[in-house]
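So, here's a batch of structures to check.
Here come two complexes built around chain A, the first alongside chain B, the second alongside chain C.
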Partner chain A sequence: MIPGVDGFMYPNEVELQWSVLIVLYPFVTGLVAGAFILASLERVFKVEAVRPTYRLALLTALSFLLVAPLPLQLHLGHPERSFEMYTTPHRSSAMAMFGFIYLWYLTVVLLLEIWLEYRSDIVRLAQSSKGFPRLVYQALTLGSMNVSPAARAIDDKVGYAVTVIGIPSAFLLHGYVGFIFGSIKANPWWSTPLMPIVFLFSAMVSGIAAVLLLYMASMKLKKWPIDMRCVDTIAKYLFYAFVIAFSLEMLDLIHRTYESDESFRSLDFMVHTRLWYSHVVLQIGVGTLIPLALLAANQLWKFSEAKRRVMYVTACSLTMIGIFAMRWNVVIGGQLFSKSFLGYTTYKVELVTREGLLAAIALMLLPFVIFFVLVKILPPWQETEAHKA
Partner chain B sequence: MEITRRDMLSVGGKLLMIASVGATFEQITGAEPPPDTYRMADHWWGMIIDIDKCIGCGNCVRACSDENQVPKDYFRTWVERYEVPEGYVNPRVSSPQGAINGFPPSQQTSLKSFFVPKLCNHCADSPCVQVCPVGATFVSPDGVVLVDKDYCLGCRYCVQACPYGCRYLHPETETVDKCTLCYHRITQGLTTACCENCPTGARQLVDFKDPKDPVHEFLRENKVAVLKPNMATEAKVYYKNLDGSVR
Partner chain C sequence: MFTFRAVGVRVGKFFRDSGHLIRPAIVLLAGLGLFMVIRGAVVPKGFGQYGHYRPGALAAIRQHPVVYAGQATCVLCHEEEGKVRATGKHAHVACETCHGPLAKHADDPAANVPTLPAVATLCARCHEKDTAKPKTFPQVVTAEHSGGMACNDCHKPHNPHL
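Up next is the complex of A and B:
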């Protein structure tokens, strides 16, 4: 008997190939896509109530997007060769498109939109600051110092167009991640055409929850009042996205159960044993049903501000746990059973290896460090301050 | 000058000796023939496996491991034992250490027991080739699925995509490794290490493009199947008398 293995696995299957770092990849890109879609609510769909989080959402998306390729790089056997994906991409490979979609999203969508949104602020800061910061802001102006009303109107128009392009791009960014898994016909846990759309809606849920948490935390740190109209509106959209995401996941589950193909017994056994805690308890129970109930309650009844704040923070925190558990269950769960459907292996997270727990924690903290730096360079609070004043 | 029958025999004999010595010398020394003698376009390699002939000795696994320096606990080929004990419908499957040391005697009274050698199926429509982001894994013109280890990123997407569990990450090169169908041998006119060392001839390398290859008769006269036909990978490893329970 091989330790950690029950039943029969093909001999090369005993060792898992995709580790916790690959769990981070869809989690992080999901936050990017979700945060961006929240930003687009204000810009394209004119949901004015969420304006206080617009810039915050863009900076959140950028912070996570900059980190997104790192877990993949760390995971590669030969990271120094990753550039080959740009120079000699294999056109039939879903994964080969990662670099292009990533670059498109980073440069054409996110950086451009942030630059346009902040351009007048950057010009102002380039003129008002001194020393090194002045050099930084001067560089960030890219030589464009014109902030006349006409120039700003152009910024607005182009920014709007970029956001319009950005919405399908955000869908592409994360739907594509779902496709990477959903298109593997050898793996019945992954292989479903619902995977991209399930990933997409769960991305929206996690991104919206992350921005809501960051907004409330920022206000708390700054000792500024929370704009409850904004928070209530975001919570409402979070609830809608969550209902769709959960419905899609349940549709997938019901479909699998009803169809009961040759893989069903094996997968069903896995869900009831090795994935019981992470899938049923964490993902569905703690990470979905409880936050959904909290958010639904706020749609049905009126609670006091203090109660709503606690409910939102609880719901969003649990949502983040639930979505992380979902990514875990997809990536790790998909490797725990044998493709012979006759056995199961175990994943033990290593601690200080290249793909270990510490590396994963560091990679999860890094976006917050980047976020902190970005907030310092490009303060998103302008309107809140004005509002406060 | 008149050439007598005696002269003819003498010269002919000498020429025959030179020719035969030359051929034997090449065979004995294993000297490589000129590279242009192997034309990839003339071959389309695969394998036939006769389940009834496999005795589960593990010779093939050992030979493969030695020939290709396969790292410990990883397998380019392995053998599975299927047993259906009394009172059971579904088989119990085992492959201790890939059967590199064969199998211990069965502890059960089995109604049915058989061995299934496994290796890369060198699929013509390989999912592993499809998903490789840089084309490091490819089907050669003679039908062998290979990995360019100087190009492989080690992302392991192909490992996930292979329905048969035939791929692994080589712990030293950190690139994906798999059965090459002993490409270094078959392009020299030799058979694979596993086939050469199979004592019962259960495994045979075949060339589908060679009209004289026994594979054509084998496919004509036997009930054959490939593994997981629902995967539609155009696998080129054909099994004779493959039980439906084999995955």
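Up next is the complex of A and C:
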């Protein structure tokens, strides 16, 4: 008897190959895609109310994007070899192709859009700051000080175009993460063409919730008033995205239940035993139904500002937990059952190993450190807000 | 009024105001150029010539000394063992599966006399009971089955049938 194993497992299934770090990877990438979609609401779909979070969303996306590949690198025994994915890419490798999507998204979409958006601030700061920061800002201007209204108008047009290209790119970025799981035909828990879409919408949900939380937290720290019109609008879009995401997940569930293929009994058993807490209680109950109810209540009734704030913070925090649970259930859940459908194993998170809990926590804190630094270098606060204070 | 001059002024103004957009493009191209240079330096010569690997790998692998002689070579000298084995269930288990790589011995038998396999661990490697093995494969719980005796006290390794 092997400890932690019930029934029959093939020898290579007893120990999980994909650890908590591989859970972080889709979680973090999802936040990137979601934050960017929120930014595009303002830029492309002209939802003026969410303007105060536009820059914040871009910086959030960048901070998380920079961290996105790190869990994968840390998972590898030879991280330095992962760059061979770029130098000698294999066209049949989904991961190799994903590397290029990542680079495209980082350079052509996100960095360019941030640069265009911040250009006038960068030029202003390059002139007003001193010493080392001055050098940094001068480098960031890329040598052009032209921020005439005509030049800014062109920036605006190009920025718009970049965002328009950025939306499908963000979809591709996170759809691809879903694709990597959905295309594993040997694993019935993953192998469904719905996977990229389910991932995409849950990404939007988590990204929007993250930006909303970051915005409210920043305002709290700065002791500035929260723009309730903005927060209400974001909460409304969060609700929409959530309804779609939840429907898709339920569609997947109903489809699996009705189809009841040879894997169903095994997966069903798993959901009722090992995944009960993380899947049914955390993901569906605490992480989806409660926040959905809170958000829906706000669409139906009018609450006081203070109540709304509490409801939003609760809903968004629970959402983050729920989406993390969803990634966990996909990645870890997919490895808990035997491909013989006759047995189950357990996953025990280690603490101080390379792929342990501490590494995961450090990786999850890193984007916030980057975010903090980015906010220092490129303040996202518009003058209007500063005046209000 | 349409004049070429007016158009010229507008075009000139357009380029003056959009000139800065060239800069990120240059940065991007510089990055791309740097990547190509690094790629040229680190990708092995002729990569992909025969497949998705370094062609030099073939020559490198060929450099490894041969360690297995192959059982056709063994039976040239050990005709007796060859015959015995061929009549039993181990007919399809090659000599060096049990005896280990013996190319050196085959080249010069007197200088490299092989040590005989340790029966205590050898047989269990294949015959220890395991639910993952096909049911038709002969397996025993060795401790119960042999009662502590060596397998070859009862079975002959080259033809294990009693």
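The working rule: the second predicted complex is superposed on the first by the 384 of 389 C-alpha atoms of A that agree within 3 Å, B and C clash if a C-alpha of one lies under 4 Å from a C-alpha of the other, contacts with A are read in each partner's own complex, and residues count from 1 in each chain.
In this section, a residue touches a chain if its C-beta (ideal position, glycine included) is under 8 Å from a C-beta of that chain, and two chains touch if they have at least 3 such contacts.
Just so it is clear, the structure is predicted and the values come from calculations on it, not from any experiment.
Once the complexes are laid over each other on chain A, chain B and chain C cannot both fit and instead clash. Between chain B and chain C, B touches the greater number of residues of chain A. Contact with chain C, but none with chain B, is seen for A:V108 once the two complexes are overlaid on the shared chain. Of the two partner chains placed by the overlay, only chain C lies in contact with A:A151; chain B stays clear of it.
Within the superposed three-chain model, A:K185 lies in touch with chain B and out of touch with chain C [touch as defined at top].
Within the superposed three-chain model, A:H90 lies in touch with chain B and with chain C [touch as defined at top].
In the superposition on chain A, A:R81 makes contact with chain B only, while chain C stays out of contact range. Judged by the touch definition given at the top, the superposed model places A:Y10 against both chain B and chain C.
By the document's definition of touching, neither partner reaches A:F45: not chain B, not chain C.
After overlaying the two complexes on the shared chain, residue contacts for A:K339 are found with chain B alone; chain C is out of touch.
Only one of the stretches 4-12, 94-102 or 166-174 in chain B has C-alpha atoms clashing with chain C after the fit on chain A, and that stretch is 94-102. According to the touch criterion, the shared surface of chain A, contacted by chain B in one complex and chain C in the other, consists of residues 8, 10-11, 88, 90. Residue ranges of chain C in contact with chain A, taken from their complex: 13-14, 16-21, 23-24, 27-28, 31, 35, 38-39, 42-43, 47-48, 52, 131-132. Those residues of chain A lying in contact with chain C across their complex are 8, 10-11, 86-88, 90, 107-108, 111-112, 115, 119, 142-144, 146, 148, 150-151, 153-154, 158.
Within the complex, the chain A residues that touch chain B are 8-15, 17-18, 72, 75-79, 81-82, 84-85, 88-90, 92-96, 98, 180, 184-187, 334-335, 338-342.
Listing the residues of chain B that touch chain A in their complex gives 73-75, 78, 80, 92-95, 97-98, 118, 127, 129-135, 151-157, 159-169, 173-175, 231, 247.
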